[in-house]
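Please find the structures below.
There are two complexes below, and they share subunit A, which is joined by subunit B in the first and by subunit C in the second.
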Partner chain A sequence: MLDFWRNCPQYLANGLANGCLYILVAMGFNIIYNSTGIINFAQGEFSMFGGLFAYALTVSAGLPIPLAAILAVLSVALLGGLMERLIINPLRRSSVITAIIATIGASIFFKSLGRVIWPLEAYKVPEFTPGNISLPGVTVSRQFLWVFALTVASVSLVYVFFNRTRAGKAMRACSVNRQAASLVGIDVFRMSLYSFLLAAALGGAAGLISAPYASYGMGLELGVKGFTAAVVGGLGNVFGAVVGGLVLGVLEELIPGFLHIVLGISTGYKGAVAAVILIAVLLFRPQGILGKGMVEKV
Partner chain B sequence: MLEIKNLSAFYGNVEALRAVDLWIRAGQITTIIGANGAGKSTLLRAISGLIPTRYGEIRYVGTNIANMEPHRIVRMGISHVPEGRQVFSTMTVEENLMLGAYLRSGRRKRKEVAEDLEFVLDLFPPLRTRLRQLAGTLSGGEQQMLAVGRALMSRPRLLLLDEPSMGLAPLVIKDIFNCLKRLHEQGLTILLVEQDAQIALSVSHYAYVMRAGKIRMEGEAEELLRSEEIRHIYLGEGGISEDELMR
Partner chain C sequence: MREKGSPGRPSFGIPGSSLLQRAASLLGRHLIFVGLAIFLAVFPIWAKPLSRPLGINLIMVMRMVGIYTVAAVGLNILMGYAGQISLGHGAFLGIGAYTSALLALKAHLPVWLSIPVAVVVTALVGLLVAPVLRLKGHYLAMATLGLGIIFYVFMREMTWLTGGNNGLREIPALSFPGVKIGQARDYLRAEYYFIWTLALIVLLLCSNLVRSRVGRAMRALHESEVAANVMGVDVSWEKIKAFVLSTGLAGLAGAVFAHIQGYIDPNLFTITLSIQLVTMVVVGGMESIWGAVAGAGVITFIPKIVEALPKWLGEVPRWVEKYSNYEGMVFGLILVLTMIFLPSGITKGLADLVRYRRNPFVNPFRKKAMEE
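Our next item is the complex of A and B:
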């Protein structure tokens, strides 16, 4: 038991690092869900492209890391925009479930595309600043500081966007009541495009900083974790994603750590923790920890 | 100002509007009365582009706006206060009103928008004290004021109002209709859909009666108010129930 407590700071640090990635992916899920009612199952693949583009731009093309990072995020955003115009927008007169199924198709397509271009199981994406920082009881990689800083910056920017800008407020209006939004003159299909651009950029950023390795397969895991974080925080609650991501990241470290040290159970099932949490939340608190704000259907 | 000719719309295979003809004169309050499910709201939704129409046209100052996207119709000066108010409940009153002016962005328009905000707050004083409150926390009457105010913020030439009296206390209804009269005096053209025929006819110039997707009767509001049939069926006098009417 003592060993478990001693390890706790490390679990928390690791959980925070992973949680940051989940936050970014989960916000992407929520932003698209709010504007369109669609769960975008290709959200994880945005992260995959973020990682693979970062690899291509730094290692293959030899660009400096900051420039490569910006280009990678922009390219993924562009891809998200293309997906919206080519797949989602043409389905605007169909039901939401049709569009959701189309996103599953898009996800498979993106993954295959990634695999064709980058067939190896893992590509080493350079860390922004290599090396570790050791504190008593905790060792974190320097990369972790970047992950943390970029997540804080992204969440803040998204917050400002939704609360201070005209487009952001229009997107919030869409999420409350799409019909009323169109009656004040908001082009709801344009908002759908913006939501895909933004969600893809956030997903791309998550993939980019989830170094050290990127591969065509990484989208699935980040997608599932991000979706779980979104559900835990309350689907449709953009800032609930912050709570959801952190809770998921930390529990994913604490639970296996506890069971391993105290009960001697192997940590091989670690990946199942998120799935169990997802099912538990859906069963016992489907509106998530924060719920979807104070939405009243009038 | 608005002329609807032979308009038909369908929900699936159900014909919700059947060859509707309707004419709105500029500067007047026109009203559509009729029982629940008669197609009144559907007609408004067709005008503001929320539902597709199959046949016929909707001519607004010379252009056919049938099947145009809703946001373009708002830009042309038609503003729709939907049934059930549909305010943005998790946003503040001020945010709701400013979203009403969504299409009027840019520095030059900012002053105009600020003036219109003042105008709306003068028209509906209860909103002024609640600018920072979430719209979902307002009372029904205040939400209706907010919905009308939001629609006015786009500076419309034609205002479509769907059941503004729904679920409100008689005194509040009176307030809202007094405001509508004031708006009309300022030159706004209004198309009003109401189940409460008495109050609707009392503020209107011209009226249409709808039943089962069709226009069944039309005339000067005062005339209809005096007509035996209307009194019996829609003003609850004489004891003919709606069920009898449907036969």
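Our next item is the complex of A and C:
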């Protein structure tokens, strides 16, 4: 038990770092859900492309890291826009189950495309500033500061976008009532495109900062965890995702740590923690811990 | 009641003709079934001479089609008829496979006993997790995906029972008292007949089920849960029934798979398998029992055909040969294109297209627009 308490600060630090990634992915889920009403199962794959593009631009093309980061995020956003035009737009009148299956199709297509171009199990994405920081009881990589700063910057930008710009306000109108929004002259289909651009950019940013490694297989895991974070914060509540991501990130470190040190259970079960949290929250508190998420109505 | 005694149909008068008529009507109702059964029965005769020039071991592939058919029929009832999606069915195949293999390996149960026990166990696990069916749409999809991940992690981590990533080896082959299947001289053909007999029984039972009261109740809740509820359908109970049935069939498919394959490991039962099953259901056609056969056939044969391409064409580009690399791109494209252009799958979609040529009022594509 004492060992567990001694490790706690480290768990918290790791949890917060992972939580930041989940926040970005979860916000992507929420933004798309709000303006189109569907869950994009390819959201995790946007992150995969973010990481792999960053690798290609820095290591293969030799660009400086800041430029490569911006280019990677923009290319992923473009990909998201392309996906909206080619898959989501033609299906705008279909049922939920049809749209789910189409985004699953897109997800396995993207994953396989990533695997064809970058076939190795792991690619080392250069860290923005290498090295570690040691505090009493905690050691974190310097990258952690970047992760934190970029997440704060992205969340603030999204906040400004939704509250200060015309397009952002129009998207919020769509999330309240799409039919009413289109009646007052908002182009709902363009908002759907914007939401995919924005969500893909956020996902790409998550993949970019999830250094040190990127691979074609990272999408599913990030996708499931991002969705869990979105559900924990309340699906549809864009800023609930911040709470959801942090809670999930920390729990995901604390629970396996506790089970391992106190009860002696293998850390291999860590992979199931997010899924268990997801199902538990969906069953017992579907509106999320903040209670502002949308519950599916009949 | 009225039909029986109505003067227009004196079919019960002459015994001989009534029997003939009844046989004819039965045949008419089960035309697809009888046709499929005859085709499957004579298939091995052509399979051998065809296999060599094609470069595909047809019997071996058809075995897998049969196994996938069993699982896909169950999933089709759940997705197509009851309208509930599951992205975790690969795990239920895994549970069936592990249960049957462990019973045969560790408890030394005969295979003909371990398979039914595995089916029951898988169905019970399905019943245990059935509360997730309270969720709808996206939530259900993600929750079942989560279930698949949880079961996968347990299969991998419970090394004392499942052997972890190394899996289980030397699983006994299929056998029944007095009948050799897995040890027969031509064991591929014996297994082929066994699997397809099983699959045809399952198909027949399920096609009867969906025409019964239960099947109608399921379709009703697919259309509108509220309306079904108002009409006296116990919505949550019908969903649970469909789910338990589909998990039981997945368990059956998994158990048979374990015994013909001889080895299993957790990586056979990942999300990839779950998505393959969903692809079979979607491509074959939701809300169509026979679509499951078509879907299982198409999805199982595509990889084999691509692998055989070099033998047909002599030379193909290197990247075409490495099918497993871009398998996901093919499946992804198939899924997306089916959803956009043929949302009711190949069997039903093509039939609808033909009908539309004859009659503009059942245009499946315009119907959507009319409803809005």
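Criterion: the second predicted complex is superposed on the first by the 289 of 298 C-alpha atoms of A that agree within 3 Å, B and C clash if a C-alpha of one lies under 4 Å from a C-alpha of the other, contacts with A are read in each partner's own complex, and residues count from 1 in each chain.
Just so we're on the same page, contacts are C-beta pairs under 8 Å (C-beta built on N, C-alpha and C of every residue); 3 or more make two chains touch, one makes a residue touch a chain.
Computed from a prediction, not measured in an experiment: that's the story for all the values here.
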{"item": "Touched partner set for A:186, first subunit B, second subunit C, both or neither", "value": "first"}
{"item": "Partner chain in contact with A:12 - subunit B first, subunit C second, else both or neither", "value": "neither"}
{"item": "Subunit B versus subunit C as contact partner of A:177, first or second or both or neither", "value": "first"}
{"item": "Contacts of A:220 with subunit B and subunit C, given as first, second, both or neither", "value": "second"}
{"item": "Partner chain(s) touched by A:261 [first = subunit B, second = subunit C, both, neither]", "value": "neither"}
{"item": "When both partners are placed on the shared chain, which of subunit B and subunit C touches more of subunit A", "value": "C"}
{"item": "Touching partner for A:169 - first (subunit B), second (subunit C), both, neither", "value": "first"}
{"item": "Touched partner set for A:71, first subunit B, second subunit C, both or neither", "value": "neither"}
{"item": "Subunit B and subunit C contact sites that coincide on subunit A, given as residue numbers", "value": "296, 298"}
{"item": "Touching residues on subunit A, where the partner in the complex is subunit C", "value": "33, 38-39, 41, 87, 90-91, 93-94, 96-102, 104-113, 115-116, 119, 220, 224, 227-228, 231, 266, 268-269, 271-272, 274-276, 278-279, 282-283, 286, 296, 298"}
{"item": "Footprint of subunit A on subunit C - complex, ascending", "value": "79, 83, 85, 87, 131-132, 134-139, 141-143, 145-147, 149-150, 152-154, 156-157, 225-226, 271, 275, 278, 282, 319, 325-336, 339-340, 343, 368-369, 372"}
{"item": "Subunit B to subunit A touching residues, read off their complex", "value": "48-50, 69-71, 74-75, 79-80, 82, 84-91, 95, 98-100, 102-103, 105, 134, 136, 143, 150-151, 153-154"}
{"item": "Touch list for subunit A against partner subunit B, complex", "value": "166, 169-170, 172-173, 176-177, 179-188, 293-296, 298"}
